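In what comes next, chain A is part of two complexes: it sits with chain B in the first one and with chain C in the second one.
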Partner chain A sequence: MNFWLSYIIVAEIFSIAALSTNLLVGVIGIFSVSQAAIMGVGAYTVALLTLGHVLPFAAALVLAALICSVLNILLALPSLRVAGDYFVVTSFGSQLVATALFINWSSLTGGASGLTAIPSAEVFGFPLDESSQFLLLSTILLAATSMSYWLLMRSPFGRTIDAIRQDEVSVVAAGKDVLRAKLSVSAVSGAYAGVAGGLYAAYFSFIDPTAFDINVSILILTMLVVGGARTLLGSIMGPFLLWALPQLLNQIDIPSTAVGPLRQLIFGILLVAFMLFRPQGIAGRRLG
Partner chain B sequence: MLFLQLLADGLISGMAVGVVAISFSLVYATTRVFHVAHAGLYTLGGYIAWYATERGLALGLACVLAMAGAAAVGGLIQQQLYARLERSKASPLVMLIASLGALAILQNLIAIAFTPNILSFSNSWRLETFAIGPVTLSYAQIVLAIACLIAFFWLLWFTQTTRHGRRIRAVASNPLLAEITRLRPATVSIQVMMIASGLVAIPGVLVGLDQAMQPYTGTLVLLTATIAMIAGGIGSLTGAFIVSIVLSVLQTLSLAVMSGRWAIAATFGLFIVFILIKPEGLFRKR
Partner chain C sequence: MIAPYLAVDAVSKRFGGLQALNDCSFTVERRKTTCLVGPNGAGKTTVFNVITGFIPPDGGTITFNGRPLNCLTPRNIVQGGIARTFQNLRLFEEMTALDNVIVYLSGDEATGPLAALARPFHVNNELKRKRARALAHLETVGLAHKADEVPKNLSYGQQKLLCIARILATEADVLLLDEPTSGLSQGALSAMVDMIHKLKEQGHTLLIVEHNTRMVQRIADEIIFLHQGHCLAQGAPGIILKDPKLTEIYFGGTV
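Let's turn to the complex of A and B:
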């Protein structure tokens, strides 16, 4: 019972993270392997604010979303200045620098051992420490982010960004502010990642640097690619399918050192196979 | 004196990064694929050589075997993955994600076969050192420096003067024209991948010999190498090699004042500033 609740909650948290990646990779076509880093900043923000009793959970989550939004804009800026491939380097780099910060800034982040005993979520004094109660929160937030994504894509603004991806020069020629459009999408994407991170911290009540390292970024990217980029359904289907995989691997009797690599190996195979045979993912549309 | 010692260490590790950078640059200029799986081939080379020496093979032979193994896998990635994607008119983003997948496959196969723990070569002489004035170097470092310099000058000679090298440069500068003039870009691309993968195995083996190996360390090496390639100017092998050395020296020297993890962050920060100011690199030429 609790196992299923936990599975759904984590899959929902990753769905929000996948929507964040979707906005960058699918919608504006900026490659990103640093969404876990942003998510981590959100998680550490919420953890530190609630651990120190500076802010209640709800306010901390809003603040985390804001911080991540600004941070995501800063990280996306180089991609607007330099051609596509260079941004791969800055994206990899951002992820590695973030992990280095989480590990080395130990006075703030607890270093490699991470932060423990993070208070569970409560909204307006109403505690959500049971899994079933937390499920309500994560479902509502996933619904809210999905709704905002859907509305964003349907709006005239959404059509502009879709046009930018297809033919940027024409959009510039039509007098649209491409830079501002891309920055706005990055801001929304960052906010989603911040929310996902904050939920993660409150749900597990424990975070450490490995929860937000490059493997997690690749996991989120794989979820998106398998589900299907540029679609709402894909961003939700991918996490639910792929989060089942670690649970299945736990059932098999293999040496504990091989579990992590085996999981990453399967993700790698999925990435290659989907790119070769179905680059649009299960539900998606053409990528890039 | 600490300064000279760090300078020497930085120079030598810079040559290793330099070989990664020039081999990556060769692939990138010819096939236009941002080949992140290159980091996996670097790692693969080291582990092949480790396995071979553990089975009693001499290091020289093990290194040749590692180069051949990496070249074969590299050629396979080009033929079975990148070439197929190119035929289906895949976007650069799709190519990149596929390459990332290939990297994950390589690294994790290695981690499953050899465990993710640190491995080091058991040769007795690799840690023996000798002193030149105030600087102490290990034999492994000397071998690494010589091999990487040979690799660099060989690749320069190969691409500048040989018939094959000129074909590669022709495909790099205009794939369509190369196709029309029957240079067969598809074959050339496979050759390029094999050469680059064989070359990247050299630092893969010898850095492993000098220090130690882990399945995932290649990613960071490749990141530094790509920074060097971009800062050196894409298409310039000499630029990529020199900037690799400069970066490594700076990184190593900074160890005197800050911890290793921060040094990476500092390098990367410098790169962002650089790329915003001078995106075409220092030594750009086509």
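Let's turn to the complex of A and C:
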């Protein structure tokens, strides 16, 4: 696996996941910490469908996006009744339940060992075994999700969802359908996370519950905070910058057992530092 | 007998131990400016919340143009022709004045998320039309030159005018203004009074919460006097404001 190609592919996959979180957390203000769980469902869906030769990769990815759309709507439903900080706790619970299912529903998910030998991506009969070939796919899908995000945000609907975060009561007074807007955003956000998860499974050929646990949800949020919420550029810059960190740590001569904790420590410090000194991130607008 | 345009009939609302509205009844005539007056805590803003569907009444009925409003959502009520402003403005602080008005524009059926993704050119044209419509509403309130400013760069008076531009964008006929003149400088006050007269000339029906009795005399065709959630009197300003009993209540006396 070419080092740099691999870095770009994974950063692109996380950029799609960050766009998903950006729509939900940054734009409309549904503060979810369970986006890795949705991504995981996308990953397991693609893995199971392609491992069992039920569907080819492309169809499995579309189905994963649809399933994750519906699931994200269901997980966002409490946000219609539970406001702000309380929803964080609700979504934290959703994330824990998802991880418990990934671990314990072992007949389906392979349990803690995960699923291995997931077939590599194949689009219209063309295998994408090489990193360079997969890069083309991940770049096209990042471009497509970025384009859809841009189209959504520049439309009048984009203004409505931006307004909901700023003052939901005022949007209700405008006669807008806040419920429909929230569910629509949850659906699009879920589809993005499903695509990110599906790409992850096909690229690594191996998934396990730790790839989609609460740490990953927080990692995606950190990427968004560092890159900058509510902007397209911020959702892409964050993953590229933060994913560079583990690559750099791998180049330094430190014990391999220290790399993981050190990475977590740096991510944590970055998150706190950005929230304190530059809450709008590098390219974004202020959260909250 | 012609049914009143907007009628609040025996409406009551209790918040825990507080009876905010108590058998409250009044009517609002079409194309008239009606002011809701009364001491603090009389239930004026609660009346607004109940009429616009933000708070369901415990009892009583509200009818608009002969149709009951009780079971409608705020969205249905705005689309039906009643829009409101807020005492604390509730502007979208991170958006320009123009975008504040765009969010309030009526008719967003063709510009939902699916349309945004599947019909980008149509949505682009729709956005251009919406910008033009929103700009026209800003022109009506004299803020077209501030279209690209965020609310914090506007004076308080301009922010209040922006609130009016927003509810004009809903195309509602009945406009409920919650303390539109409070906290305004003399110049801004005159601009707001002119604006209220202009809205009436345009054919709008206005229901206004107003504390300043001199202002009420300048703008009101009719006054509704609320006290302890109950409508004590309704009539012409010349009669209500000269009633010694009501004046005593309003300025701190007892019934």
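What we mean here is this: the second predicted complex is superposed on the first by the 287 of 288 C-alpha atoms of A that agree within 3 Å, B and C clash if a C-alpha of one lies under 4 Å from a C-alpha of the other, contacts with A are read in each partner's own complex, and residues count from 1 in each chain.
The working rule: a contact is a pair of C-beta atoms (placed from the backbone, for glycine too) under 8 Å apart; a residue touches a chain by one contact, two chains touch by 3 or more.
What you see is a predicted model; the values in this text were computed from it and never measured.
Overlay on chain A: chain B and chain C fit together in the combined arrangement.
Once chain A of one complex is fitted onto chain A of the other, the partner contacts of A:S6 are absent, as it touches neither chain B nor chain C.
Rounded to the nearest 10, the superposed model shows the Cα centres of chain B and chain C diverging by 80 degrees about the centre of chain A. Of the two partner chains placed by the overlay, only chain B lies in contact with A:L270; chain C stays clear of it.
Residue contacts after overlaying the shared chain place A:S205 against neither chain B nor chain C. Using the contact criterion defined above for the overlaid structures, shared-chain residue A:G93 touches chain B, although it does not reach chain C. In the superposition on chain A, contact of A:I218 is made with chain B only, not with chain C.
Judged by the touch definition given at the top, the superposed model places A:P78 against chain B, while chain C stays out of reach. Legend: residue contacts after superposition of the two complexes on their common chain; A:L152 is shown touching chain C, with no touch to chain B. In the superposed model, A:S120 makes contact with neither chain B nor chain C.
Closest C-alpha contact of chain B with chain C, superposed model: 13 Å. Of the residues of chain A, not a single one touches chain B in one of the two structures and chain C in the other. Residues of chain A that touch chain C in their complex: 148, 151-152, 154-160, 162-163, 166-167, 169-177, 180-181, 184-185, 187-188, 285. Residue ranges on chain C touching chain A, taken from their complex, read 52, 54, 74-75, 77-79, 83-84, 86, 90-95, 99, 102-106, 108, 111-113, 115-117, 120, 123, 126-127, 130, 166, 169-170.
Put simply, chain A touches chain B in their complex at residues 25, 29, 31, 33, 78, 81-86, 88-90, 92-94, 96-97, 100-101, 103-104, 214, 218, 221, 225, 257-258, 260-262, 264-265, 267-273, 275-276, 279, 287-288. Touching chain A in their complex are the following residues of chain B: 28, 34, 36, 81, 84-85, 90-98, 100-105, 107-109, 111-112, 115-117, 215, 219-220, 223, 226-227, 230, 259, 261-262, 264-265, 268-269, 271-272, 275-276, 279.
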